[in-house]
Amino acid sequence: MSKIVTFGEIMLRISPEDGYRLFTDGRARLCYGGSEANVAALCAQLGVDAAFVTRLPDNAAGDGAVRHLRQLSVDVSGIVRGGDRLGVYYYEKGAGVRPAQCVYDRKGSSFACSSYEDYDVDGMFSHADHFHLSGITPALSGKMPDICLRLIREAKERGLTVSYDLNHRTKLWNACENRSVTETLLPYTDVFIANMYQCNEVLNLGVDTSSEERACIAVCREIMKRYGTKTVALTVRKTFSADRNGFYGMTFDKENALFSRKYETGIVDRVGSGDAFDAAFISSVIKGYDLQTAVEYGAAAAVLKHSIEGDVAYLTEDEIKNAANGGDGRVSR
Amino acid sequence: MSKIVTFGEIMLRISPEDGYRLFTDGRARLCYGGSEANVAALCAQLGVDAAFVTRLPDNAAGDGAVRHLRQLSVDVSGIVRGGDRLGVYYYEKGAGVRPAQCVYDRKGSSFACSSYEDYDVDGMFSHADHFHLSGITPALSGKMPDICLRLIREAKERGLTVSYDLNHRTKLWNACENRSVTETLLPYTDVFIANMYQCNEVLNLGVDTSSEERACIAVCREIMKRYGTKTVALTVRKTFSADRNGFYGMTFDKENALFSRKYETGIVDRVGSGDAFDAAFISSVIKGYDLQTAVEYGAAAAVLKHSIEGDVAYLTEDEIKNAANGGDGRVSR
Amino acid sequence: MSKIVTFGEIMLRISPEDGYRLFTDGRARLCYGGSEANVAALCAQLGVDAAFVTRLPDNAAGDGAVRHLRQLSVDVSGIVRGGDRLGVYYYEKGAGVRPAQCVYDRKGSSFACSSYEDYDVDGMFSHADHFHLSGITPALSGKMPDICLRLIREAKERGLTVSYDLNHRTKLWNACENRSVTETLLPYTDVFIANMYQCNEVLNLGVDTSSEERACIAVCREIMKRYGTKTVALTVRKTFSADRNGFYGMTFDKENALFSRKYETGIVDRVGSGDAFDAAFISSVIKGYDLQTAVEYGAAAAVLKHSIEGDVAYLTEDEIKNAANGGDGRVSR
Amino acid sequence: MSKIVTFGEIMLRISPEDGYRLFTDGRARLCYGGSEANVAALCAQLGVDAAFVTRLPDNAAGDGAVRHLRQLSVDVSGIVRGGDRLGVYYYEKGAGVRPAQCVYDRKGSSFACSSYEDYDVDGMFSHADHFHLSGITPALSGKMPDICLRLIREAKERGLTVSYDLNHRTKLWNACENRSVTETLLPYTDVFIANMYQCNEVLNLGVDTSSEERACIAVCREIMKRYGTKTVALTVRKTFSADRNGFYGMTFDKENALFSRKYETGIVDRVGSGDAFDAAFISSVIKGYDLQTAVEYGAAAAVLKHSIEGDVAYLTEDEIKNAANGGDGRVSR
Amino acid sequence: MSKIVTFGEIMLRISPEDGYRLFTDGRARLCYGGSEANVAALCAQLGVDAAFVTRLPDNAAGDGAVRHLRQLSVDVSGIVRGGDRLGVYYYEKGAGVRPAQCVYDRKGSSFACSSYEDYDVDGMFSHADHFHLSGITPALSGKMPDICLRLIREAKERGLTVSYDLNHRTKLWNACENRSVTETLLPYTDVFIANMYQCNEVLNLGVDTSSEERACIAVCREIMKRYGTKTVALTVRKTFSADRNGFYGMTFDKENALFSRKYETGIVDRVGSGDAFDAAFISSVIKGYDLQTAVEYGAAAAVLKHSIEGDVAYLTEDEIKNAANGGDGRVSR
Amino acid sequence: MSKIVTFGEIMLRISPEDGYRLFTDGRARLCYGGSEANVAALCAQLGVDAAFVTRLPDNAAGDGAVRHLRQLSVDVSGIVRGGDRLGVYYYEKGAGVRPAQCVYDRKGSSFACSSYEDYDVDGMFSHADHFHLSGITPALSGKMPDICLRLIREAKERGLTVSYDLNHRTKLWNACENRSVTETLLPYTDVFIANMYQCNEVLNLGVDTSSEERACIAVCREIMKRYGTKTVALTVRKTFSADRNGFYGMTFDKENALFSRKYETGIVDRVGSGDAFDAAFISSVIKGYDLQTAVEYGAAAAVLKHSIEGDVAYLTEDEIKNAANGGDGRVSR
């Protein structure tokens, strides 16, 4: 069986109940989340061996994160323990015209303060076929871009396929900072995934987006040309309101642009929907499905994630396939 | 005052909070539900004497079901106690493109294991005018089709009006099994209610559904013709998504097809909406309202049920009438 | 800094969890609310000194209301304690075609039983620039119209600006009763705010509402003409369903009708949205913003309130400005 | 089967979660309770037909109270609807040295404002053998002492047995007011139940309580002598702390003082424990059990109630018998 | 590292919130539990490789049980999927004199209906050193005694150490049935654990228990004599009330009776405390700790479990050691 | 009116529901707390003007802390905003032999990273009579001892009374580190409060504690002698178990040792009980009550706090007085 390794931060997420604003109520929902952890979690559920590598504090908060990952069948043997704290983020869902609000409290986390030497590179890549990380990880500290670059190189040297999701977070760094780092990583990246508009802006591609579908194609072509990336997948989100979004994905198979079904969906919790796209797209590639299937499954998983509370896409391949095939939310009984 | 008796199973329903997937969280909502129990509950709230007959285990779980029914003014004097267990169903609401999920755990329940001899037929039908059951009941065991048939015959012999909702459940039996049983019951059925598409398929009516409204009329006519049923009411549901449905009802008054107002509604909980249609339609018939009113009230009750958590339609006739008359969800204060 | 004083009743609100009907479940959410208290709360959050004057029982229920107001930076020094009870209202949110339901239990409350002499008029108006109340207050007892009239006169004599929201509540009095009282207050009112349709009906303006925007203009003009009111702001709500509303505001700047952006929004909790309009509109006026900004902020605050659980609009001016500028509910992270 | 009728007020009880103080948290638990309603509820569970008569507002709050009683098999046919409001009480459990806190908000309730003429005396006493009320009821309004007296007389004339629990509430009236009313009712009372210390004080019996058990005997004797009461039962509670109480009961069989087992118990919720004593004692008398059994069952039910959340003692006769026989809280599995 | 395999049933446990009686409230807490699963869970937390073997339905309920076990680092690779349902048990905690109540609904479960052939015996015992099961397992079906016997024999043949906890459940079988099965298993059992009183009764040892500590010694001796068991450990529980228990353990090292510290403890949740004793005692034996330490850790783990909600003892060896060394519940901060 | 200023850190506290272990459940309770903030909160409730000075991040988490303090009538005008984060602590209550567990995550908090220059010393001490802080504050960073020393000196120069609670936290520093700092502060301290055993150890007093009451006297005398402190108050806690503690206080009036009533109490939440002692003792001193009353009120407030969920002692002076006078937790109704 194939095995994917992902690398990044997992945090404790603290959210008020739906409709309450942050810090105005005495009750909270807790869950764990982080882009690369979420990717590993869905890959594991879709039947791909998945390991998540991070650094966690050696306390009850770190133990909880490990239990969370274990429950999801994620291999935690590469997780190192040390440092001061588990990163936290406070998340208030949006509704109507009120956008979701995210207060990061991840500074000084065990992961953000980690060094390349903390990780057992041989161990983490043994038996692995695929390495994945996202643009959040290099943004977390001054050392992280170098750690990411060295890990990606090590992965490539060992013959792994590397995937990278641009995942730009304006609260962590600006487009310019991101671009300079991403451009060092892209030469080693086999599969590059990004939100189309964000990608155009962060990588300064200069594509005219007045026609959205054409822009998708142009962005793909430009990335493949500039960086020699083999596989590029893009996602497009339309925010009708904080509780209603449109979503679709696209990729490029040699000369053909492949678009997924276009969805419009209500929102229970949109956090982690991009990660669900990554996991379903990459799992499909790992399993040898064709790219049309990969982008359909990616988009379906992303849209399904909008209906699920918390960071993790608890989904089976059957559920993803049904949604991709036009499932409409009918009760099965 | 008129009295309706319904017969079927009542189960404990176990649901996660909204947005959580089944068995991923340590909290649950509990309620009781079952098609015929739900029908009795709404009939009682609409001012029709209603009794529910079933078999429940003689333990705390059974006691809870009885308390639930009593609270709703349902006559529980015909309930017999015995057998091993209360049936359970785990229900996860759908959202967006993710369909609701229902895991039945009703095998071996006190009701499914009951025999005709367990019930006091004279007692249950004394002072009753109307007998109702749905297609879920005969699907629950090998003995059940015969129990249903004998009860319906006894009801007819005592001069009761008999209503039957097709209520096909693919997790319990297939269309063919259902048809062979339903066809033994239909000759004794005065009021037959069904989802139009389901009915066309289960009863193999062969109606062309390319024009929905015409199909409704054709299905009605075909049933009346084939089985001699006096009153047929159909429901039509459109599943735009797991949290947005369309709904309307229709019936046939002599030569005239009577359609209800057509609704589109958000969904809090759609379980029991068909039962609400049954209860409001049948109560209207029992009260002597005309069929146009009956189908309007049926559809309005069904649509209102979509806005209520749990299996039971907690509704008053005033609320149903207001919705039928075009109420739009304005606050009254 | 400018200071606004509002006068009215604050009640304990008791609500079931979403989707449950009133009094069918053993859990409730508690919050405090009341139109004028809500206005003070948002004004204080928007940086205007705000005091709320009322009468509360001298028990734990009253203490809770004071703590609630203090938390929101509302000056509570003018609140008097006495009387028997805190008013209560049971509130069930609507959904789909089921309207929200409000059961008032405010009879005999400390506020409703208060007299003019209970209040320290000099104290409450010292350092104040603005006095606000709504049509709910005079509806609460036989004495209240006179208390309101005397307070408004005292406010005018001290040079305060007076604002009044018509806020007609059919459960408290009828249009005719309201009109006779409102007409005594309007001569002293500088800023008059109302729902356009309600206003047309309660004040018997006779404006033709077949064209909604023209009706807004005509209603404004008629009020300014009849009562000499300097500033009139109107709100228009469309109830598509209990969980989807349209909303906009308008006002009149000399000769120009100024309309806000027109919104359509999902609904978490619409209680207090009118109060949010009042607070954001009046705060803008107090801060010297132009009327176009005032009506935009009023409408944006009102629409944002639809997304927030409870009576109080927990909002910052930045959030209101973003919504007014077309914010679409995108996550910021 | 014998039938008991009880008469009094039922209120909505609003409580914070354990450990939270009143009005400091946004969540509450709701239940219904009232001394005489609680007595009827336990009698019904113990197999005695039980009806509760009261006056409730004709709104959703009143409907909820009726559903609550129905669920418990209490006959609600004698309940009249009318008046303004359902009484409310806010209840905060005590813990350690912090006493429980009870904020009544029952003024102006439908029951407190009711008149003798509101009740159908013939209907309420038809088929009844026993009438019960407690000292809370006459304390609720100026009219209530007279209503109680007339009902008790009517009961006696119809041959019913009358029981009365002194149930003195210092927040409702003082000992002197209570005594003057109780002394008018005692001549018609067959079974009188009271807390020993309270009874000694309220009825001014002047018994020396330095020896508790002797005081019980003296109080019983004095009441039987003064008022000619046939059966007197007393309860004794020791408050070690807000979460640990001692409890026992005693009664008098001709010449013999009969004491129950003496209990010491932790406390989940002590509200309604006196009512549980009444119900179990009276049910035992109605069923013809001997007085030793009656006082044992009364005390056991009261102590068991301390372990149950809410006002109602959800208990079976088996559970009461086991506790009376020395059950020690071992798990049965 | 050593590895323990346990075999038995895991069920979904459904409990009301503390103080509520079963089936009287609409909220529940869900967790998974079962004696042998709980033993594996604590062994894994104490650093012993632990696998749990059972049969689970191939549905969402079964998936949830697997996730639960994975989270706890329990090896689930030997779990087979099939059959109809996950066993359920409804559990109401006791309080004061009210005993806990347990309603089993485990009939027809996937495990109870399993056959010897369902299990991969070679797989489950590969790399294992220790096999554990309890007296609940053979009680679950007619086939189970034989399945247990064959597995124990297979384990012995492969050189594993076998431990067995008597764990008599009167709701599953009587002492006589249990004895006849246990006596077939004891010859293969290396470590036998039991509640002293239960053991004396079920195995009909006839030891005089008037002196408890002497009885412990006599019971141990008798078992070692009769069945040749190498290691016997006994537990003694005193039920002061449903929320206060005493507890200690004892074992026998050659000629010396070794008693643990004697505890008295309040109770959050006593389910699984015997399993915690088993896990901590057996883990200690597996790790080569002396028997005095083993019995101290067993007793400390059991007592600590009383303080933890749910079936599983979430505990570290440090916490157990601290409690064994006289830890008194002081806050560490 | 007198005014007290306190200085320290306020954190977000995140706790699982009772009985759950940290990070094993998806629900949490949130509150704010910190020793000096808790002292200010109770002083304000007891009628002493109270201001709390700290540094909070300028985000929603900081806003929540401000709202929390405002609600409690604490003057927040001296709070400065800046820095990265609000400190967090995860708190799991203990039960039985399982101790409470506290995971601090306060490194890098806005307060811990603050400098002397961040605070407006003139502003914070204007109109103030009393300055209070505890030994937690200087332990929070390398700079803090100096900040504390300079503030205390400034306070003394302005004629304020200074109180200091030793409040040693072993997770923050060791006894030796604490002593060296405390000894710089004690010369400026008028009122020194400490746990007797902790004080003896941290300040290395060398008092023989074999007789507890004599040790109290000796510790007091030694402190007064060594440091010239005018008023010393000591607390003594006995930890019978994690849910049962003993507690009393003592102080010294000239030549007389004054002991409070000795309490034994169950525990809902013991966090903040020392702070409650401080607040009630200091408030009494500020109000001019005699020292016997001060120590009685201090001890009663501390014991009452054990019965209240969260960090804050929501208490009135009446409640404290009642407990001090021997109140036993009887319901008042």
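Per-chain numbering from 1; labels A, B, C, D, E and F assigned in written order.
By definition in this document, contacts are C-beta pairs under 8 Å (C-beta built on N, C-alpha and C of every residue); 3 or more make two chains touch, one makes a residue touch a chain.
On a predicted model such as this, the values are computed, not experimentally measured, just so you know.
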item: Chains touching both chain A and chain D, listed by label; value: B, C, E, F
item: Identified repeat of the B-C interface (over half of residue pairs identical), from A-D, B-D or D-E; value: D-E
item: Centre-to-centre distance between chain C and chain A (centres being mean Cα positions), rounded to whole Å; value: 44
item: Approximate Å spacing (C-alpha centroids) for the pair chain C, chain F; value: 42
item: Residues within chain F bordering two or more other chains; value: 18, 21, 24-27, 67, 101
item: Touch-based graph of the chains, sorted into line, ring, star, complete or other; value: complete
item: Residues of chain E touching chain A in the complex; value: 67-68, 70-73
item: Chain F contact footprint on chain E (complex, rising order); value: 18, 263, 265-269, 300, 303-304, 306-310, 314, 319, 322-323, 327-333
item: In the complex, chain F residues that touch chain E; value: 17-21, 24, 94-102, 104, 169-171, 239-244, 270-271
item: Contact footprint of chain B on chain F as seen in their complex; value: 25-27
item: Complex contact set, residues of chain B against chain E; value: 12, 14, 21-31, 59-61, 63-65, 67, 84-86, 88, 90, 92, 101, 103, 105, 107-108
